[in-house]
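Sharing a structure below in structure tokens format, with a few things to ask.
Just so it is clear, A, B, C and D label the chains in written order, and each chain counts residues from 1 on its own.
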Amino acid sequence: MILTVKKDCDRNELQRLMNQLEKKGLELNFSEGANYIVLGLVGDTTALDVDWLKSFTCVKEVTRVQAPYKKANRLFHPEDSIIDVSGIKVGGHEKIVVIGGPCSVEGEQIICDIAQEVKDAGGVMLRGGAYKPRTSPYAFQGMGTEGILAMVKAREKTGLPIVSELMSADKIDEFVEHVDLIQVGARNMQNFDLLKALGKVDKPVLLKRGLANTIEEWIMAAEYIMAGGNKNVILCERGIRTFEKYTRNTLDLSVVPIIKERTHLPIIIDPSHATGDWKLVEAMSLAAIAAGADGLIIEVHSCPECAWSDGAQSLKPAKFASLIEKGRAIAQVIGREL
Amino acid sequence: MILTVKKDCDRNELQRLMNQLEKKGLELNFSEGANYIVLGLVGDTTALDVDWLKSFTCVKEVTRVQAPYKKANRLFHPEDSIIDVSGIKVGGHEKIVVIGGPCSVEGEQIICDIAQEVKDAGGVMLRGGAYKPRTSPYAFQGMGTEGILAMVKAREKTGLPIVSELMSADKIDEFVEHVDLIQVGARNMQNFDLLKALGKVDKPVLLKRGLANTIEEWIMAAEYIMAGGNKNVILCERGIRTFEKYTRNTLDLSVVPIIKERTHLPIIIDPSHATGDWKLVEAMSLAAIAAGADGLIIEVHSCPECAWSDGAQSLKPAKFASLIEKGRAIAQVIGREL
Amino acid sequence: MILTVKKDCDRNELQRLMNQLEKKGLELNFSEGANYIVLGLVGDTTALDVDWLKSFTCVKEVTRVQAPYKKANRLFHPEDSIIDVSGIKVGGHEKIVVIGGPCSVEGEQIICDIAQEVKDAGGVMLRGGAYKPRTSPYAFQGMGTEGILAMVKAREKTGLPIVSELMSADKIDEFVEHVDLIQVGARNMQNFDLLKALGKVDKPVLLKRGLANTIEEWIMAAEYIMAGGNKNVILCERGIRTFEKYTRNTLDLSVVPIIKERTHLPIIIDPSHATGDWKLVEAMSLAAIAAGADGLIIEVHSCPECAWSDGAQSLKPAKFASLIEKGRAIAQVIGREL
Amino acid sequence: MILTVKKDCDRNELQRLMNQLEKKGLELNFSEGANYIVLGLVGDTTALDVDWLKSFTCVKEVTRVQAPYKKANRLFHPEDSIIDVSGIKVGGHEKIVVIGGPCSVEGEQIICDIAQEVKDAGGVMLRGGAYKPRTSPYAFQGMGTEGILAMVKAREKTGLPIVSELMSADKIDEFVEHVDLIQVGARNMQNFDLLKALGKVDKPVLLKRGLANTIEEWIMAAEYIMAGGNKNVILCERGIRTFEKYTRNTLDLSVVPIIKERTHLPIIIDPSHATGDWKLVEAMSLAAIAAGADGLIIEVHSCPECAWSDGAQSLKPAKFASLIEKGRAIAQVIGREL
């Protein structure tokens, strides 16, 4: 870490700061320029609080050299992490995974039917929301436990591992028991109590990027889970919030090479929530594969206009199947399988 | 609500949609133009799901006429709500309230000392974080219960009601017992399980706007709490995330007249988190009062560089006192007291 | 267009508004609901000013049904436009074009050398800036006319058509004479005088999206050129400004299917400026092709660290060649050639 | 400036970089840490190109210590600049100026009438657009020269200096001859050819912040004008683009203290374009004065719904007069006059 210090500062305050940094075990590198003093801090600065440093009036600027994350950092873990979701491997040079299913679970029969269609099309996991984060308190909030059990039934019938969103730590036991991959939604990406709870279990976690979170904050959210002891984190980009109005969110595909450079974690893409429009899903899915993503999570519904939520972004099974077929060809070009 | 329908659409699908809307008790107003059909929906559309409507391929556009919130809507509650926080009235034409205190509670003695300084300066409530949402798992996470009890002690000594952030529903009993005004932080603004839990108690809630949430989503978060039965919501703007780098966030003061026009709830401003820089706090505080805000929540610390978090944005007590004095004069100009 | 009108409005004002709309040749469709009046306007509303409508106090909301663009609108021009750039066809089902070259022209010899390398790698046009929009007045501002003439020489040697940025209408003659494809940079996307000047010539224009412009504003900028009489517009996405810090801009690839749905114009992608980092260029280029883009414009320099500007985002020729090879394979998958 | 260099880099490349930096007259401060080398550059780095530095593969990060602007920098010009606009002084401790007038000039009679009303209300300058930047080519583009001459007539009648927007350098002579304060609009903030042309005249310039430009880029735009020799720059904040939909733009009032800290230039606020809604103008105007702004520029029209553009954001004269009266009282509180 590098501190830029004002030359005309209170030297006593500066000395106090330097003493405190040395007490934290950091080596200091002092060099005085024409207008500023530059203070290099050598040692582990991961836990050093930038805001605390800035509260010293002598400090003008603080520059991080080391990333603030350790467990997720590729620097200290050069090989790709491969996350095992009940037998399906995600990441590394494993097959690209495609997860399909409805936004909300709406009943046992329908989720079983969709699961079969997802499987027939080439999908390897089933998604479905039982607890739904809805902007309006008057909107359908999900079937809850009944929905989870309907998914379990669909898994029994098709063999597909199931993915569902956990909204609150008090339901974690239910999810650990029944769900194969526990999703943290965008709105809860910085629900730190939830992240801490997930750090204590060993189920794989699908961590969606928050609507307005930087890549660094997203990796730090993964770090929360990993620091707690759970190494099984898969990152999922689902679009960020911008000024653009023709799409619901702006899908940021550049995260794919960035996540792969900076972390060792798998990264998958959710084109359905990113765009909010089924007509854009195929193009964005193929782009994600070409960019090097480890997987896709796509909304599929046999009757989008019958869906209880987010029908506008759901693909019909035939469209989903043809998307997978094209994706397979693109995967081959970049040396992967799907 | 108005639906714009493609003229060359599948008329059977359109008929199906219209039947379903009529079954929901809505009256339909059909008018066919040169290129489009316009369908006006008359009745209570609050709970109608825009995405469900968009999933019909015949629907091109959906336009809300009525706001999606009811309980918070000034239309149905023309007079200002005044929230009573243990005797301090917030909103309406009541006195403008100034809340002061440190980012984190750091010990009983120091919080009591700061509380006294806040009171001497003219502050009427004490803020202090006992559970801290921190981007890094390696940063100080707050003193927890011990911190809450230290604040209780500070209240005993000074009589100031206390404000603290609740991060998880499982601590709600502790907060209801000890805290006068329960804060929901920006990162939890759409933690819907937390909002629902707060709807079931009757403590006042200070609801911060999320980093990237629209005003409408923010009001909908208030609506969650109010729909559950708790009418005591105070809104708090604390800056939104933009591309600008000279400030931590961009303080959006236009929310003040907007919130007052659309809702009957009080609105207060947090200039400390918005700017991240104590040097900007006074100017933004005076601006907030001039804009018509019902209060301010400001970080105050007797020794910002000793603070365990966010020292960079904390005011020293003397500066806080002089800010209040200036704010009082501005309040008078716009016909309020402070 | 649909106007939502307050029911308790001044009916005289409403009548005045309706009279004025009828005088503009619009047919009005009046329907009175429980809380609002809905006024449908039938006819050509392209030139109707939303802000003028909103200035009537009776008007609560204005909703566009028809897009505000005509010439660029696919609705009125269903087949793809194919733009001919000195023999290179762009758009439709034509070959995907790859444009390569340095950020700035730095001399005749070096631009000729790079042009040859671009051609050898499979590039079909040469880019190079002679007039440079630089944030700092102290930074290199481009070689000007000398740079244009150096590019002309490179074209003579290699046969590659040349692309360069025009910053001001007063240089338009120079560009029409020498340049094959005139670029409008992101910062000038809404320099309307420049757009109008380009509407009067018949050279193809490469119109970059502004840093914070919506897709609709971007299409409207194309409409300016087309309304003036020049139909030869190619759109170019180069990233938008968001809060993210790990990339210079956020590349918005969803524009590809959106532009193709709403307009008949070709769309190409600039991954170099979007990311600002050469390490991300290949992944984003392949993604762009998979998404259906009609071309790429990529910074190439034989010695990035010798470049006078933007070296950080330039590819070396060998990397550029390998990118094209992979892109070719992906193009085949989606039924295109490169 | 500080370079963070990878420890395992190619030392030859690093040596080449260091040689080039020394040739530019910079002194180098080399310090080797555990994981990184830190290279401090001492000397004038204003013109050093960050992207050029990043193009060296050994360079990991570049941190500016000195701001990239000199002429606008308060560091080198501690006293406030006071800009004289035909006798009206702007900045420093001079009176707060209020500029009023219509969005577009619509005729001689009406601009003269509005000018008189602006003056009667307490406004000291008249604004009015003769050349209009409009998103649509089909919208009214302004009266051009005729509009400028109508404003000249209004100045003759009322004595108010006039402000109007220049969109293209080829009209600069007309503006220098007739206009007292030349406005650069938000969309042209980085039209560098226009900025350069304005640097060569000595008329005061009102430089609006771009829709998505950082404060630093905005100051750099002022630096362009000042580097050319014209020191008479007044900055004007008019809202930035964010995800929020209830306002047209988000007014960023924190620029007021920031601009005053970093530059010596006056800063005025445009609440009309920022909000797009006349109902919000008064609250934001009072807030701007409380924050320390040197002036306001407000849209005023005697008949907003008759206005040819932007009527939705225009105040009627009576409302404008009452705003000025309240503003005057707030100015007194902070020790200024209006």
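Methods note: a residue touches a chain if its C-beta (ideal position, glycine included) is under 8 Å from a C-beta of that chain, and two chains touch if they have at least 3 such contacts.
Values in this document were obtained by computation on a predicted structure and should not be read as measured data.
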Set of chains whose contacts include both chain D and chain C: A, B
Farthest-lying chain, centroid of Cα atoms versus that of chain D: A
Distance from the mean Cα position of chain B to that of chain A, given in whole angstrom: 26
Euclidean distance of C-alpha centroids - chain A vs chain C, Å: 31
Averaged-CA centre spacing for the pair chain D and chain A, given as whole angstrom: 39
Sites on chain C at which at least two other chains make contact: 212, 241-243
Of chain B, residues touching chain D in the complex: 212, 214-216, 240, 242-247, 250-254, 256-258, 261, 274-275, 279-280, 283-284, 286-292, 326, 329-330, 333-334
List of chain D residues in touch with chain A within their complex: 2, 4, 27, 29, 31, 33-36, 38, 40, 42-43, 60-61, 63, 65-66, 212, 241-243
For the chain C and chain D complex, residues of the former touching the latter: 13, 17, 46-47, 49, 51-52, 54-57, 68, 133-141, 167-170, 187-188, 190-196, 210-212, 217, 220, 223-224, 227-228, 241, 276, 304-305, 307-314
